[in-house]
Every structure is written in structure tokens, then in C-alpha cells.
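Presented below are the structures under discussion, each in the form of C-alpha cells.
The following pair of complexes shares a single chain, chain A, combined with chain B in the former and chain C in the latter.
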Partner chain A sequence: MSKEILSPLPGTFYRKPAPDKPNFKSEGDTIAVGDVIGIIEVMKSFNEVKADKAGKIEKFVADNEEPVMAGQPLLELS
Partner chain B sequence: MPIRKLLIANRGEIAVRIIRAAKELGIKTVQVHSMADQESLAVKLADEAVNIGPPHAAKSYLNIEAILNSAKATGADAIHPGYGFLAENAKFADAVVAAGLIFVGPNGHAIRTMGDKVAARVAAEKAGVPVVQGSGGRIDDQAEARKIAERIGFPVMIKAAAGGGGRGIRIAASMEEFERLVPQASAEAQAAFGDGGLYIERVINNARHIEVQVLGDGKRAVHCFERECSLQRRRQKVWEEAPSPVLPEDIRAKLCASAVELTEAVKYSGAGTIEYLYDDASKEFYFIEMNTRIQVEHPVTEMITSIDLVREMIRIAGGESLRFKQSDIKKSGHAIEVRINAEDPTKDFMPGPGTISNLRIPGGVGTRFDTMLYDGYQVPPFYDSLLGKLIVWDETREQAINRLQRALSELNVGGLKTTKTLHQVLATDPDVRKANFHTRWLEGWLEANAKKLKEADAP
Partner chain C sequence: MAVKVLKPGLSTTVQDLGRPGYYHIGIPISGGMDRFALRCANMLVGNKEGLAVLEAVFMGPELIFNADATVAVTGGELPPKVNGEARATWTSFKVKKGDVLSFDFLKKGARAYIAISGGIDVPVLLGSRSTYTLGALGGFKGRKLAEGDTLKIGKGRGAKEGRSIPEKLRRGPGSPAELRMLPGLYWHRITADAGKHFLDDTWKVAPEADRIGYRFKGGRKIEFVDRVPPFGAGSDPSNIVDACYPYGSIQIPSGTEPIVLHRDAVSGGGYFMVGAVVSVDMDLIGQLQPHTPVRFVEVTMVQALKARKDRAKILEKIRNIT
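On to the complex of A and B.
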């Protein structure tokens, strides 16, 4: 069964630090616990999302600039 | 041409505020909203509502095409931009007019002139309004910049010409630091605003933030006295009052007259605010910038002048001339507004959404609460944290603070953390009671009073 990284907060999910910057992580990347995988904007405050599991990113379930709920999967790991 | 149907291109408490003003004028209202605001109070109160896109503001409240299409589809003949979002976007103002609609605000040219910090400064100087001693325009040449910094004297402030909202500002204490910071600041401004232009200004220590409310009809302008908003955290206002508690009467007259001159000089139409720094020690004031929109803190002016500013801006946009001579506008008493935000004052003001419960709104004489909250409302996480503004009026400032304390004790917002306790503690502070503060005062106070805030916040 695949592992998931869940959104810790409700808000808007960003996959990159700024609109003109590359994504933090891409599908196929191997990530470690503590790696920044995205940002959640909650009421104009920006919070880094750090991986709480290690593994290889199979796919991002949430898109860049997508609204997310707390507990919603952001990406799947294998 | 009087407005018959007004589209509100905003959300939250200001959308509710605009709908109320429109209804009282007999104008139909159209509320555009994102998918996250389907259940908002503004949508419930408006005559019609149009969904314009996903929660992310760039895809809804900032989507010019979707907003113009909604106006066309509903037969709206005017658009009110509120504050934030597209309110100071000259391209939007132009597009509204190009679509044959009325923009409730100044024209694109006025927004452009006053939106560029250097152009605004030049316009102010031309109108005889004092500006902070500085470069007078953009600095293009390093050698020239050094000469100007030398003349002004250190510390100097380096600002991005295209910056705003407190962004892109640096302070250099010495020539050495100045030479290091100028290229850095220019590169940063280029990246952030697409314009590396800089200008420099003298630093004024312990200044107050005082701003003048103006109304213009393109030919003539009047002022509605000043507000003082010195209590700020990270350059965001948290407590605003009218009139300023410290301004001597002769300085007030000069300050307000200078705001009228500048407003008339740029042929301004609508409601606007001219912001100044005020130096207690020298009793001098300096122009900072003009905001070409209605401001969050406009109600304190309404309370002391009995003028409905949102109504007036709609009437002016509909083609009416200013209804007031300057001598018609009188101030009376003292008003204070505090911002109730969905933030936790005991956790570095961390914002957090939630579902509103046990809502109790303060009432009584001289008490007003502008809000979009209702019991069961889910505050979405996608927009700013302002939940409401508690405004009180009384005959004197001291009585107004007492009334504020009474009103805050009535206010209850369940379901999330708010800044209510911050204001309760501030209202007891001897320096606040004496209006002994400046724009950097609150940040130091917050550090010194963290424990007090925690105790006040404990249930």
C-alpha cells in the first residue's frame, strides 16, 4: 500500500517557493523526513510543509494553487 | 448617470458594508464570489450573486475578465472594488470604463500617478505638501546617490519606487552600509516588482502615522479630518482613531488643507486617503502616500463627521457633484476602531480559520460592529484574517476607551482564536490611555507584555 503525506493545515497548496521558481519536489524524487515538499497559505500566512515520511514520490494528489483541507493527501509515496 | 445596479468585486466585511450603502440609495446589488464564499453574508444580502471561480483569489477576485462578464450578464452598470484585490489596479479601472461601466473610484490615471511612489512624491511637492527630505526622484547614479545620502545625513531609508505595504524598505546607518545595500535593494526590487528603481529618504524616528480622509468630485475636494493609526504590528494597523489625540489645532488645519490641495491638484474623484508621518518633537508632518480607495478604518471618520463615506463615493461615481462645502463638515467627539482578526495573540498572531459559534455582537449607544460573521459561518482559510471591526464613539477619548472596554467585554466569537484580548489589554495600558505611542511602539510592547497577553487570554 502506498504511503501518503497529508496536509497539516487547511488553505492553498503551493508546490514552489515563488511563482517564478522551480517546484520543491517532482514526481520520481526520493525524499527524506523533514524535506520541504510545499507551502500551505493560511490567511496570507505561509507555512512550509515538511515530509513526515521518507520514500519516492509516486504522484502529487494536490496541484499547485489548489485549495486543500487539513488531513487531505498532498502526495503519494512508495 | 445615476447608478442603478452595483456589482461588488470584493468579499468579507467590506462587501457587506458596500451592499448596505447601495441598498439605502435604492441601488440593486450583485455580489461576485469565489466557490469558497458561496455561504458568505454578502452573498446572502445581495440581490444577486455570481460565482466567478475557485477559492484562490488569482482565479476569482483578481480575475478581471470573469468580473466584467458577470457585470454584463447581470446588467450591472457600475463596479465597486472595495479595498485590496483590484481596488488600486489602474488596468482594472481602465477596463471597467472601456466596458462601458462606472468604476466607483478615481480614474486609472489618478491611480497610476498616486500608485508610483516617486510620481506621487513629485505630485505632492508640486502641490506644496511637505515630503520627507530625500532624493526627490529615482536615483539612477551611484555617485549622485552617495551625495544625496551625505546631504540628508544617516540613517537613511532606501525604498523601492514600485514598492508598497511596507515592502522593499531598508535602512542604512552609514555610508559603508549604504553602498552595500543599494545594489542589493535594487536587485530585490527588480525581482519583486519588476522595477529596480530606488529612492532615498531621511529616517524619522518615533513618528506617528496620521492620515487625512478626502472626498473629491474631479473639480473640487474636501477633507473629513484625520485619523491616527500609529498602533501597528509589522506595518499593519491594529487600532485606529479619529481625530488624532495629539495634533494641535493649527497643525491640524495645515495638515488637512495640504491634503485638499493635493487632492485637487490631481483632479481626484471619489474617496481617498493621504497618509503622513508626524513628528511630535518638531510638530512637522511629511507626505508618505495616497491610497486611492476606501480604507478599512473609514468608520472612525464616519463616526466623528456623520458622513457616510461609502454612500458619498457611490453618489460621486454616479455623476453627482460633492454635496458638501468644507465649512459643512464638522467633527464631534472621538472614535476608535479595533480590528478583530482570526489570529492568536498568544502565538505570534498565527492566523487560523474555523466555524463561528456562540457569536455575541456588542451593542448600545455609540457602538458599531462591521462584520461578515454569523453563527455557523465557516471562515475560509484562503483570504485575510479580518473578521470584523469594533468601532466606538464617545464625547472624549477617555470615555471612548471606556466604552471600547465595555463593548469588548460583550463581544464573543467562538470557534476560533481572535485578537479581542490584545485590545482588552491595550485599553488598560497607561501609555495607550495617554496616546503616548508611535508606529514602532506596539512591537516593543508586544515583546514586553507577552505574559500579560497569555494571562488575559486564559479562559
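On to the complex of A and C.
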């Protein structure tokens, strides 16, 4: 079974640090524990989502600017 | 006794029932956003209802205890864990010296109330231990908790383990959440059609909603009745001559996104208010996550007072069983 990284917060998920910047991570990238994989916006604050597992990104399950719930998978690792 | 903060969560603050009596001079009432849940948490651990607890929003903190205590977590469904082992919400449990209290992902609602026997012992400021972060007033150094903070806990024997509030007496918003509101002084400023849309449309909680106010999006734009702005009012049709903003009042700046003012709100300004959310439903707002669908339901003063009385009866029932 593949591993997932879950959203710690409800809010709006962003894959990039700013609209004119590239994505933090792309599918196929290898990530380490502590790497920033995206941002959740909630209550006027932007909170970095850090990987709590290492691996290779199989695919992003949540899209850029998608509303997410706490505990919802953001990406799958292989 | 004391509790040390290993991880603070997103925005965890010390709150009690609030700081009424100073709103007219610009100090908001603060206190728990869901005061029903706050009272219940205190009752479960054997505290007086108004002692200070921790309010955690969307994400729980991680705390280590330096002495034995009784703990209860109510409000939104934020499952507690002691040394990694799951505990029930709305139910008292024991924590031993050296134990770590942490939380699973939020399952439902938005805010959890963490009561510890003896209460959080921060200085009382203007009659309350509540935190008003915007004004850096009260609570723990006037701010949300940070890693490494040590919270003093008051003296209290603590209730026994397993004291619980039956599920049918717990409270949380439905989907869509229904917020009862009483139309107010400025209702005449919007057109009859706009008044109908406001009540018919399903709104969604905007991500920027916080302790100051809850903002809603997605309903049709509110149209205003034409007028010549009175002296002292701004030129936008939603402007009024500055007035007091009650707790729970609903303003709609420029007719686009309604904002319900909550515990840390400003006390006055120049936007018209379409009405106010009834006091007992303010607790429900405290449990709304971003993007939750919401409807405003018009009630009369008689219905609003009846709702308050009914809620008081439920609270009395809980007092009798805890």
C-alpha cells in the first residue's frame, strides 16, 4: 500500500509559495521528512505543510487552491 | 503543578467565559467561541464552569504534565491521546505525572476545549483570564501558546475518570449549519429582494474566518435602497454614521460578504448591520470549518428568547449529571 501525506488542517491547499513561483514539489520528486510540500491557508495565516514521511511522490491527490479537510490525503508516496 | 507546551498547535489560547463590561470602551468580550463546550469541559473535570481552559482551533497542542490531573476535551471532535493511546472526547480521563497529551486529526467541528482539573492559572485581567491576542491582553502573556511555554495549573482535586456527557446533550452544527438571526435596525437599507436572497442563499464559511469575525461567501450580492448618505456616513451604500457593533451582529460591507462579529471583535464602526445571530447559536459558529455551508434563518425576539431558555435547560440538565 502506498503511503500518504495528510493535511494537518482544514483550509485551502496551495502547491506553490506564491502565484508566480514554481511548485514546492512535483510528481516523481523524492522527498525527505521535514520537506515543505505545500501551504494551507486558514484564519488569515499561511501554514507550511511538512512531510512526516520520506519517499517518492507518486501523485498529488489534492489540487492547487483546493479546499481540504484535516486528515485528508494531499499526496501519495510510492 | 504545571503543564509544558511541547507543540502549540495552530492557535491555542487560554480562554474562560470572557471579559464582559468593557466593550463600550473598545475591549472585546473575548472568551471561548463555543462557551457551551467550555462549560462542559470544566464540569467534566470537576472545575467551576468559568475556569480557564485551552481553546485549540483545527489542530491540537502537545502537552506534558508534571503532576497527576483530570482532563476532558469537548467541542469539535479532536480526539485526545495520552502517550499515544486514544481517549474519548466529552469524557473525563486521568493523566499521570510525565504523561504526554496529544491529539489526532480534527474529525468534526473547529475548536476543542481542553479542561485540566484546577484550571489554567494565568493572571486575571479586567475580570477574566481570556486571551485577546489582537490587543496582547490577558491569557498567557497576551498571546497564543508557543513551544516551551509553561502553564501554571490551579489547585483542584479533579473529578473521577469516565465522567461523560451523553451524546444527545452534546452540540455541534449540522450541514448546512443553520444560524438563527434577528433582523436589525438597518434591515430597511436593503431591498426586499436582497433580504429574501440573504435568507434563501446558502453561504460558505470563508477561510479567513477567525475569533474576530466569521466571514461568509457565495450568496448573491445584496442590493441597497437608494439614498443620499447622511452627514458623517461614508459614500458606500453599506456605510452608516458610526454606531456600536453588538456581539453577533452581521455586517455586509459593500453588500458582498456577510461578517458575523465574534468574541474578539471591534466594538463599533461604519458598516450597516442586517441583524444579529441569536446568542445561543454563536457557539455553533465557533465550530464551523472553512467552506462549511451555512444558512441564516430569521426568527422573532420571542423565538430567540425561547431558544436561550431551552439551551439554559439543557445546561442545567448537564449540571445535574456531572
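Here, the second predicted complex is superposed on the first by the 78 of 78 C-alpha atoms of A that agree within 3 Å, B and C clash if a C-alpha of one lies under 4 Å from a C-alpha of the other, contacts with A are read in each partner's own complex, and residues count from 1 in each chain.
Operating definition for what follows: contacts are C-beta pairs under 8 Å (C-beta built on N, C-alpha and C of every residue); 3 or more make two chains touch, one makes a residue touch a chain.
In this text, all values refer to a predicted model and were calculated from it rather than measured experimentally.
In the superposition on chain A, A:G71 makes contact with chain C only, not with chain B.
Among chain B and chain C, the chain that touches a larger number of residues in chain A is C. Once chain A of one complex is fitted onto chain A of the other, the partner contacts of A:L9 extend to both chain B and chain C. Of the two partner chains placed by the overlay, chain B and chain C both lie in contact with A:M43.
For the contact definition in use here, the residues of chain A common to its chain B contact set and its chain C contact set are 9-12, 41-45, 67.
Residues of chain A touching chain C in their complex: 6, 8-12, 41-45, 47, 67, 69-71. The touching residues of chain C, when paired with chain A in their complex, are 10-11, 57-59, 105-107, 110, 207-210, 289-291. Touching chain A in their complex are the following residues of chain B: 36, 54-56, 58-59, 342-343, 350-353, 381-385. Residues 9-12, 41-45, 65-67 of chain A touch chain B in their complex.
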